[in-house]
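Letters A, B and C mark the chains in the order given here, with residues in each chain numbered from 1 onward.
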Amino acid sequence: MDSFFSHTLAAILTIGIISFLYKDNPLYKFCESLFIGVSAGYWFVQQYYANLLPKLFDNLGITRMLGAENVPEGALQKLFLHGEWSEDLLYLIAGILGVMMLLRLVSRIGWISRWPMAFIVGSISGLYFITYFQSNAMRQMQNTILPLNSFNNLVLIVGTVTGIIYFYFSKEHKGLFGAAARVGVYFLMVTFGASFGYTVMSRMSLLIGRVDFLFGTWLGLVK
Amino acid sequence: MRRQIPLIITFIVGSVLIISVFIPHKPFGQLGENFSVYFDIIAVFAFILGAGNLLRVHGNRIYRKHKDWPYSVVTVAGFTVMMIAGLFKIGGSPGITGDLTEPGSMFEELYMYVFTPLMATMFALLAFFVASASHRAFRAKNKEATVLLLAAFVILLGRTPFGVKLTSWLPDPLSFLEIPNLASWIMSVPNMAGQRAIMVGIALGVIAMALRVILGVERTYLGADSE
Amino acid sequence: MKTFSYSFIFYCLLGLILLATTDGLAQVESSDSLLSPLLPPSEVIAEDHPGDAGGAIIVRWKLSPDEDKGITGYEILRSASPTAEFSSVGFAATGANRYVDANTEDSLTYYYKVVAIDADRNASESEISPPVRSSPQWFNFHLLNLLIIGGLICGAVIYFIAHAKKGKKFFLRKIAGLEAVDEAIGRATEMGRPILFIPGILDMDDVQTIAGITILGRVAKTIAQYETKLNVPTSRSIVMSTAMETVKEAYISAGRADAYSDDFVHYVTDEQFGYVAAVDGIMVREKPATCFYIGAFFAESLIMAETGNSIGAIQIAGTAMPAQLPFFVAACDYTLIGEELFAASAYLSGEPKQLGSLKGQDVGKIIAMLAIVIGALLETFFAISGSSFFGSLAELVHKLFSIVAS
């Protein structure tokens, strides 16, 4: 694409999105609609080439069957041509589950699409069970077991314990327990404030980047 | 039976994956990795449903001359052009093994001059929204909001030259009160304490929810109410 | 006088000769040391890497005594036989006394040697290690602590679920965001405006999205009863399919199957900012009275929440993304923080079994708090007294919560 044309197109789209800050308008609606369509198409193509093609079609040998001679033999070729078992044959399970998802469109047997959903939810629950427990619970607890011989360690331990007390569900926040929970709330507020303050400057730099494009790259007013 | 089989699948798959963490021997040790790949493959098949839904919704709007139907034409056209440009690698090296993002290809050009500016500008809008959120948050209507406000201010100032100059005059015994030092302390001590409390809570929440799902106590995701 | 002078000169000369000789001897000594061989590492032991699926061997050795005399590292050599040629499999830095060879075959026997190397490429080989074979294990004993503590917490959750089945009731404190759900839905009904539900930006392979969809099911049932319009734009296709099933069943179980429409849930785009552009468009055009943001979010959270504020909607958010919580807390009316997101579905259901699981979560919190407090006290006593008794106990508590890197 010609450089001036492409930069002008990018500038118009940039201004269109920024115009949303004033109010909803036809240019923003156009940019929004274009963004939805182009991005949906982009991700579909990406997923096809990054996931479906290499992980299913290449591994099973379907790509080679379709004429791509430079792709190595897949599991189906190994099984039917050489009588060898390959672990890649298990990707057939994923293919079958994927086809089951599509059966949603057939109302009489649409109920079968719950099987891949059950598979996904079950596997994610099992996988995250241990991952979260190790990294979020065990590691954090281990790092908080510190001697109380310094002010920082004391603050860290008090903050962590009172923060956990705040999240306690089965006891009313009253009396000493309630007071501890209130201390926990203050620590959480400090955490939120710190995250907020930390992020503000980085958000500003994003805007600086777009302003630089508009006034520098496109209009050439800033060098 | 139709409702029982999905619950059995969830139970078996979930339990096996939990147990497989403790069993390094094949095939258990690799199950987690394999199942992640299976998910990626299923997601691409599901995308056909998503794309179909997108085309159906916008197609309906065009057909019924909905209020903003011309914009639906833009969406459908953008989606179709991008998909064709990518799947058939127009303007680049064709064939299954050709490079999708080859410079000069239509897919690459659309990505550079349409997709990227739109994405970058939406991201840049955050600067405005963070300013309006700050304005609301910093009105400090109660003690909690005051604490949030003070912590945010100190961290914000601590990362700027102005913040450094503001308290550089403090004598050495009081140097811990200098804004950059205070900001560093807040990040590494009380902020860390709060983060750890949140993370421990999240881990316990995930464990309980995962158990409810695996044991079939929670079934809403299957479109079935719990018993 | 002359005698003194000659003696003086003689002794000076003797002194000079002695000085020169000593200096020379020193130089000879140091050049001797340059000529002496580098001392090799010793006690090389190779053993099967524990807790894995095979294919790895750990090689350990005692450092070369010349460690602080210019050794730059150690080369690990391997062979299938003590008499065959050894080939290099890797390097370890100076000071390191172990190496993991992760390219072994379980059916073969291996022998190892470790070679100390200095900057001048002088090398000194160790003795050959005893033979070793790698093998897979059926249980990873390094994760025994995880099994014990995880088992305790799971046991507590299952125990309280079982107890709840028998009719035992548990007290649960109120969570403001969840108490407000009915009020928020009622508000939308009164104003005749729709309800917007955003189930997060990630796919069903994130546990927060699963939590979001289960909450959608609960909220949709109430919405069905109020006959309010629902709009659920989704960013992922699997989420769209799951949400459709969930909402449809919620309407059926509320006895309002006739009011359900497939248009309630629709796919937008996988692209994060394309999705939020569409959501913003929905907000400013349809002006929903209530917005729910329940699931995993990234930077787009603030854009959505601020746009929701600008249209005057009640906003209830819930996420376990620590980086986005501050923005939801600042911009939304109610925020479910971290764990509250995962508890929300149980809360909203009101079912004893679900609520029982929350009690089990609390047992986990008690374990966490006790571990931290007891561990901290033991560490403090050890730091003050230096007693090995407290030191051992503190180390035990640390080990109980340690995670071994794989």
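Couple of notes before you dig in:
The rule we apply is simple: a residue touches a chain if its C-beta (ideal position, glycine included) is under 8 Å from a C-beta of that chain, and two chains touch if they have at least 3 such contacts.
For clarity, every value in this text was computed on a predicted model and none was experimentally measured.
Under the stated contact rule, the graph of chain-to-chain touches is complete, every pair of chains being in contact. Two chain pairs, B-C and A-B, are weighed by contacting C-beta pairs, with A-B ahead. Averaged C-alpha coordinates put the centre of subunit B at 17 Å from the centre of subunit C. Chain geometry summary: the mean Cα position of subunit A and that of subunit B are 4 Å apart.
In subunit B, 21, 36, 39, 42-43, 46-51, 54, 68, 115, 118-119, 122-123, 125-126, 130, 134, 137, 148, 195, 198-202, 204, 206-207, 209-211, 213, 221-223 are the positions where the chain touches two or more neighbouring chains simultaneously. Shared contact sites, meaning residues of subunit C that touch two or more other chains, fall at 146, 150, 205, 207, 210, 238, 241-242, 245, 268-271, 273-274, 277, 285, 322, 325-327, 329-330, 337-340, 343, 358, 361, 364-365, 368. Shown for subunit A are the residues in touch with two or more other chains, namely 17, 20, 29, 31-32, 35-36, 38-40, 42-44, 47, 101, 104, 114, 117, 120-121, 124-125, 128-130, 132-133, 135, 137, 141, 144, 157, 160-161, 164, 167, 188, 191-193, 195-196, 199. For subunit B in complex with subunit A, the residues that touch the partner chain are 2, 5-7, 9-18, 20-21, 32, 34-52, 54, 68, 71-72, 74-83, 85-87, 95-97, 100, 107, 109-128, 130, 134, 137, 143-145, 147-156, 159-160, 185-204, 206-207, 209-211, 213-214, 221-223. Subunit C makes touch with subunit B in their complex at residues 51-54, 136-140, 143, 146-147, 150, 153-154, 157-158, 161, 203, 205, 207, 210-211, 213-214, 216-218, 234, 236-238, 240-242, 245-246, 248-250, 253, 263, 266-271, 273-274, 276-277, 285, 299-300, 302-303, 305-307, 309, 320, 322, 325-327, 329-331, 337-343, 345-346, 349, 351, 353-354, 357-358, 360-361, 364-365, 368.
Considering their complex, residues 21-26, 29-30, 36, 39, 42-43, 46-51, 53-54, 57, 68, 115, 118-119, 122-123, 125-126, 129-130, 132-134, 136-137, 148, 195, 198-202, 204-213, 215, 217-218, 220-226 of subunit B touch subunit C. Listed in rising order, the residues of subunit A touching subunit B in the complex are 1, 6, 9-11, 13-14, 17-18, 20-21, 29-49, 51-53, 55-56, 63, 66, 68, 70-71, 90-91, 93-95, 97-99, 101-102, 104-105, 111, 114-130, 132-133, 135-137, 140-141, 143-144, 152, 155-164, 166-167, 184-201, 203-204, 206-207, 209-210, 213. Subunit A makes touch with subunit C in their complex at residues 17, 20, 23-24, 28-29, 31-32, 35-36, 38-40, 42-44, 47, 101, 104, 113-114, 117, 120-121, 124-125, 128-130, 132-135, 137-139, 141-142, 144-149, 153, 157, 160-161, 164-165, 167-173, 188, 191-193, 195-196, 199.
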